[in-house]
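Going in written order, the chains are labelled A, B, C, D, E and F, and every chain counts its residues from 1.
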Amino acid sequence: MIDAIQANLLSPAVLFFALGLIAALTKSDLKFPEPLYVGLTIYLLVAIGFKGGVAIAEAGIAKVWLPALAAMALGALIPLWTYPLLRFGGKLSAVDAAAIAAHYGSVSAVTFIAATNYLKAINQPFESYATAFLAVMESPAILVGVVLGKLATKRAGEKSGASIKTAMHEALFGRSIFLLVGSLIVGSLCGESGMAKVEAFFVTPFQGVLALFLLEMGLVAGRRLGDLKKVGPFLLGFGIVVPLINGALGVYLGKLTGLELGGATLLGVLSASASYIAAPAAIRMSLPDANPTLYLTSSLAITFPFNITLGIPIYLEIARKLYS
Amino acid sequence: MNTHPMKLVTVICEALARDHLTRLLAAVGAHGYTLFAVEGEGSQGRRPGDIAEFSNIQVEVVVQPAIAELLLTRLQAEFFPRFAMIAYASDIQVLRPGKF
Amino acid sequence: MNTHPMKLVTVICEALARDHLTRLLAAVGAHGYTLFAVEGEGSQGRRPGDIAEFSNIQVEVVVQPAIAELLLTRLQAEFFPRFAMIAYASDIQVLRPGKF
Amino acid sequence: MIDAIQANLLSPAVLFFALGLIAALTKSDLKFPEPLYVGLTIYLLVAIGFKGGVAIAEAGIAKVWLPALAAMALGALIPLWTYPLLRFGGKLSAVDAAAIAAHYGSVSAVTFIAATNYLKAINQPFESYATAFLAVMESPAILVGVVLGKLATKRAGEKSGASIKTAMHEALFGRSIFLLVGSLIVGSLCGESGMAKVEAFFVTPFQGVLALFLLEMGLVAGRRLGDLKKVGPFLLGFGIVVPLINGALGVYLGKLTGLELGGATLLGVLSASASYIAAPAAIRMSLPDANPTLYLTSSLAITFPFNITLGIPIYLEIARKLYS
Amino acid sequence: MNTHPMKLVTVICEALARDHLTRLLAAVGAHGYTLFAVEGEGSQGRRPGDIAEFSNIQVEVVVQPAIAELLLTRLQAEFFPRFAMIAYASDIQVLRPGKF
Amino acid sequence: MIDAIQANLLSPAVLFFALGLIAALTKSDLKFPEPLYVGLTIYLLVAIGFKGGVAIAEAGIAKVWLPALAAMALGALIPLWTYPLLRFGGKLSAVDAAAIAAHYGSVSAVTFIAATNYLKAINQPFESYATAFLAVMESPAILVGVVLGKLATKRAGEKSGASIKTAMHEALFGRSIFLLVGSLIVGSLCGESGMAKVEAFFVTPFQGVLALFLLEMGLVAGRRLGDLKKVGPFLLGFGIVVPLINGALGVYLGKLTGLELGGATLLGVLSASASYIAAPAAIRMSLPDANPTLYLTSSLAITFPFNITLGIPIYLEIARKLYS
């Protein structure tokens, strides 16, 4: 396992992530302008979606639907067990507990992408259609979290239906989910012949683009590190232990639903990851009373760096144990 | 030259409020608006402006005084409690009063 | 402190008018200007700001009151009939009146 | 022909275009920031120009000048036959008729690029120096259109000379024509040895970049679809039938001037395509009384999608008929 | 509605002055600021805005009149001699005076 | 030598640079939006840094430290001989002389990158770890220049210590030096196995990206050409002759410290190049009384174009003489 972790830590992607963290901590004036961030995000989502779609076309929907359904269910269930933990274990307010729970049920596309890269780097085969799980796991947890938050708070004279509708719209039609699902469909329509045409842009340089993007993510996460003291020790532990548990759950469910070792690892990674773009946007609109410092810091400054560096090789190790 | 007094209402708020805000502008009867991305710092921390979802927008709208009042009232009631934002009004002079 | 009254003229117009506008500013005697890209909505529809040729700019220029008047008059005569735009003036206080 | 169309419809580029249309229609918040749009445009124009220049250096100017001259003439003539059609058939005002005629005489670089991509995908050889025709066809129609509009309107006390000069400047020194012609010259000076150096950037990933760009073009075109009802049934028909006629004219002229099947198809595509960046900018400045909704909607929301999806394979089919 | 008079101070300056300026804003007691990139032209030439290091920023800050005065005084003393810039104050109306 | 110069002048990179110059001179409305400029800069610095780091890991620090130290010393010494020349030969004010001296002691990363590209194009091998010299040569001259300027001016009641600290911070933590040094370290930690992963993004398309970037640099430099008359004939000569002297010095020092012909050429290029981003930013903050028109025009509108077109092949020729 030490080997697996070291291989990950010395990959360009993770080292550039560390460089971004250092830039933020040393207050270097390095920053990525927003259009560059958007461009890199669009590229990564379209590339991973397209590749996943081609893989679905190859594998056939028959192989994909069961683990995809399981992934969705897992996403919806994670908030149900993390909410009471946050509420009673962490003594957080109901709305904050619901908000954080939603983030940990939802997923981080970049963590997923980094994991596929890691598996490729160490020559561990995996089911490319796992991107489908990424696509279906983003929304359910957000909806569950918003419902939890609304039930728990019920502000005087407020119609919680409207908030849930807002969250649903954000969760289903937000740009990241749209790009991912759309590219997945495009990829599945094109198949291998379409892939041949765009491979040189969407596949060959992919790892390098990811490394550059993780430099920016290091900057973004690093700027949040200053808030660590505001979230307290409970959330710090939560942000590391809960992903480990969810990761193991995901791997196990992957095995149950017939995935190979690689695919199960990826389902573990998804389950362990916490959203830091789609969920914050939806929660901000639907549960405005929840404190963004809490959910953003835990998902972006604790769980994201943990998964990128140590988490991914650990989930693989768990899968190896389970499959051996 | 014949200029006419009008009100400019400026709103600086988190970018996520964009759709809510443009809908409010239409609702109170503004005939147009102008919008751009900004960075900022305020009581709810720093907004560095590299990720659209976490950053700010500035919205400027030219309206008649009565509409400015209505707009500010509704901003105070519906937006101030929910969003990181500031809003202010100022006096301007325009040429085509019928346009606003 | 010794501040001096001056006029700020703000023009929001389609980006294609840029060269015409900066030439007009020089012609009426403005000593400088500031310019940035904006999105907007008005009587001539929505301008989403992803294609420079179809989008808006906001131009701000600090001038003496007499020049502001001249600028607005010429904008009304030469620009309003041709371009999607708004323009307004407001009162500001500056420190170095000789600069403007 | 059904096969040819289907091959086009299932290519990544066209499917991403459709995805962009859907994003606009479902009001997804997906959008490309302006600098990303500019970056992609610069890349595509420089790449296609450079490639075309290298091809001219290979083929020799002797082969290029005659069809290039024909292309220019064709661009200048199209407004002369479409203007009366718009004016009397469509009962449009003189200035609107002139404006629209200018757009259909001018060309769309993206349509041309998509056509070269399509030909490459189906292994149909073509003369790479056809980019030269793209370069020379952008401006003439705009000038003719502006002159037509000015003659027809003559506003009291206006100097139409100034407007024509403005249009000429826009048409000749606008950024797109400058980039295209400049890169063409650079390419022709570098030749194959220069190409070897930059091929990995300007050629290999080209198709993928185009696919991404067409996603954005789908968004841009899709936002205009709402204006379709404002332009009325005449322009709707005009936007589809006139490209078919111009396309056939272009193919025929290509054969006359000695092009092979592939090159004639591309001349047909250019002839059929309508400008939606250079022409609108020039017309907006020179014929400010023309209604942008009419010319933008017909070129961007009718003709552009038609050509990208159905038109290109149809012009190829016409060429095949003519050459068989 | 109950609006309160406040001052808006606008500073347009070369982007390199950014850190100095935000430190000054904190020092005089401003509670926040808003910032965006602009192009411009003035006595020190044209600033085209394609290289961040050579371009301009516009900073807007809402403050109480006394702080506006202090800010302008210090800008005049410490910034005007060093940087390409302009600064001006204007009158605005806000709703939550305690925020500024 | 004519051959070497011609090979350089007909490369895509230099031709696109010329195209940018022409665009600026003809007042074309072509421009690169700032985020695109930033994106290209980040890419180039990260790519060159990473590649250099991998090369250091291969070569071992033992080979690198001596020439790197020499490079640093050279950077620090150049202002000491150019300052009196500017002050007394050019009759410039003390602060302007110090500012310009700082620019010519510091380096231009783009000139260095163009030189590596040129060497690669003509199949001249070179030590890839030369990027380390680029990294260490940026700052020393700036510090020396600021000290010179401060000693010479000493404004009433000013603490020159603060200014030097500001300059030091700019020079050491500015974004370009941070990216370069950071990527160098990342590359040296990853080594060849990391390179294999990101090569398709950071190496293969590099030359093409550079060509595109030089188009923008042509625009930037071209906009400064109008200021040539403001700087006078002395600086015009200075901007060409001094690089030739510094270039020869650099090549000679490279030979002394054991570099091969290629590496010595690159050290010559660095020595000859003048900074136009890092130095201006630092000098503007630390020596605000220095006139930017003088130092920007000479480094950006005289020395930079000279080096890109003629200088680089000349420094190679000098090296060839010295090594033959």
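Convention: a residue touches a chain if its C-beta (ideal position, glycine included) is under 8 Å from a C-beta of that chain, and two chains touch if they have at least 3 such contacts.
Please read all numbers here as calculations on a predicted model, not as lab measurements.
Asker: Count how many hops through touching chains it takes, at the least, to reach chain F starting from chain C.
Answerer: 2
Asker: Which chains make contact with chain B and with chain E at once?
Answerer: Per touch definition, common to chain B and chain E: C.
Asker: What is the chain whose Cα centroid lies farthest from the Cα centroid of chain F?
Answerer: For chain F, the chain whose C-alpha mean is farthest off is B.
Asker: Relative to chain C, which chain has the most distant C-alpha mean position?
Answerer: A
Asker: Starting from the mean Cα coordinates of chain D and chain E, work out the distance between those two points in Å.
Answerer: Here chain D and chain E have centroids separated by 46 Å.
Asker: Can you give the whole-Å distance between the Cα centres of chain A and chain F?
Answerer: 41
Asker: Give the residues of chain D that touch two or more other chains, as numbers and ranges in rising order.
Answerer: 31-36, 38-39, 204-205
Asker: Which residues belonging to chain B are in contact with no fewer than two other chains?
Answerer: In chain B, the residues touching two or more other chains are 36-37, 90-91.
Asker: Output every touching chain pair, sorted by label.
Answerer: A-B, A-D, A-F, B-C, B-E, C-D, C-E, D-F, E-F
Asker: Note which residues of chain D are touching chain A in the complex, please.
Answerer: Within the complex, chain D touches chain A at residues 10-12, 15-16, 19, 22-23, 26-36, 39, 117, 121, 204-209, 211-212, 215.
Asker: Please output the residues of chain E touching chain C within their complex, sorted ascending.
Answerer: Spelled out, the residues of chain E in touch with chain C are 10, 12, 36-43, 56, 58, 69, 72-73, 75-76, 80, 86-91.
Asker: Under the definition above, what is the set of chain B residues touching chain A in their complex?
Answerer: Checking each residue of chain B against chain A gives 14, 16, 37, 45, 48-55, 81-83.
Asker: Any idea which chain E residues touch chain B in the complex?
Answerer: These residues of chain E touch chain B: 1, 3, 6, 8, 22, 31-36, 62, 90-96, 99.
Asker: For chain F, which residues are in contact with chain A within the complex?
Answerer: Spelled out, the residues of chain F in touch with chain A are 33-36, 38-39, 42-43, 46, 50, 173-175, 178-179, 182-183, 185-186, 189-190, 194, 197-202, 204-205.
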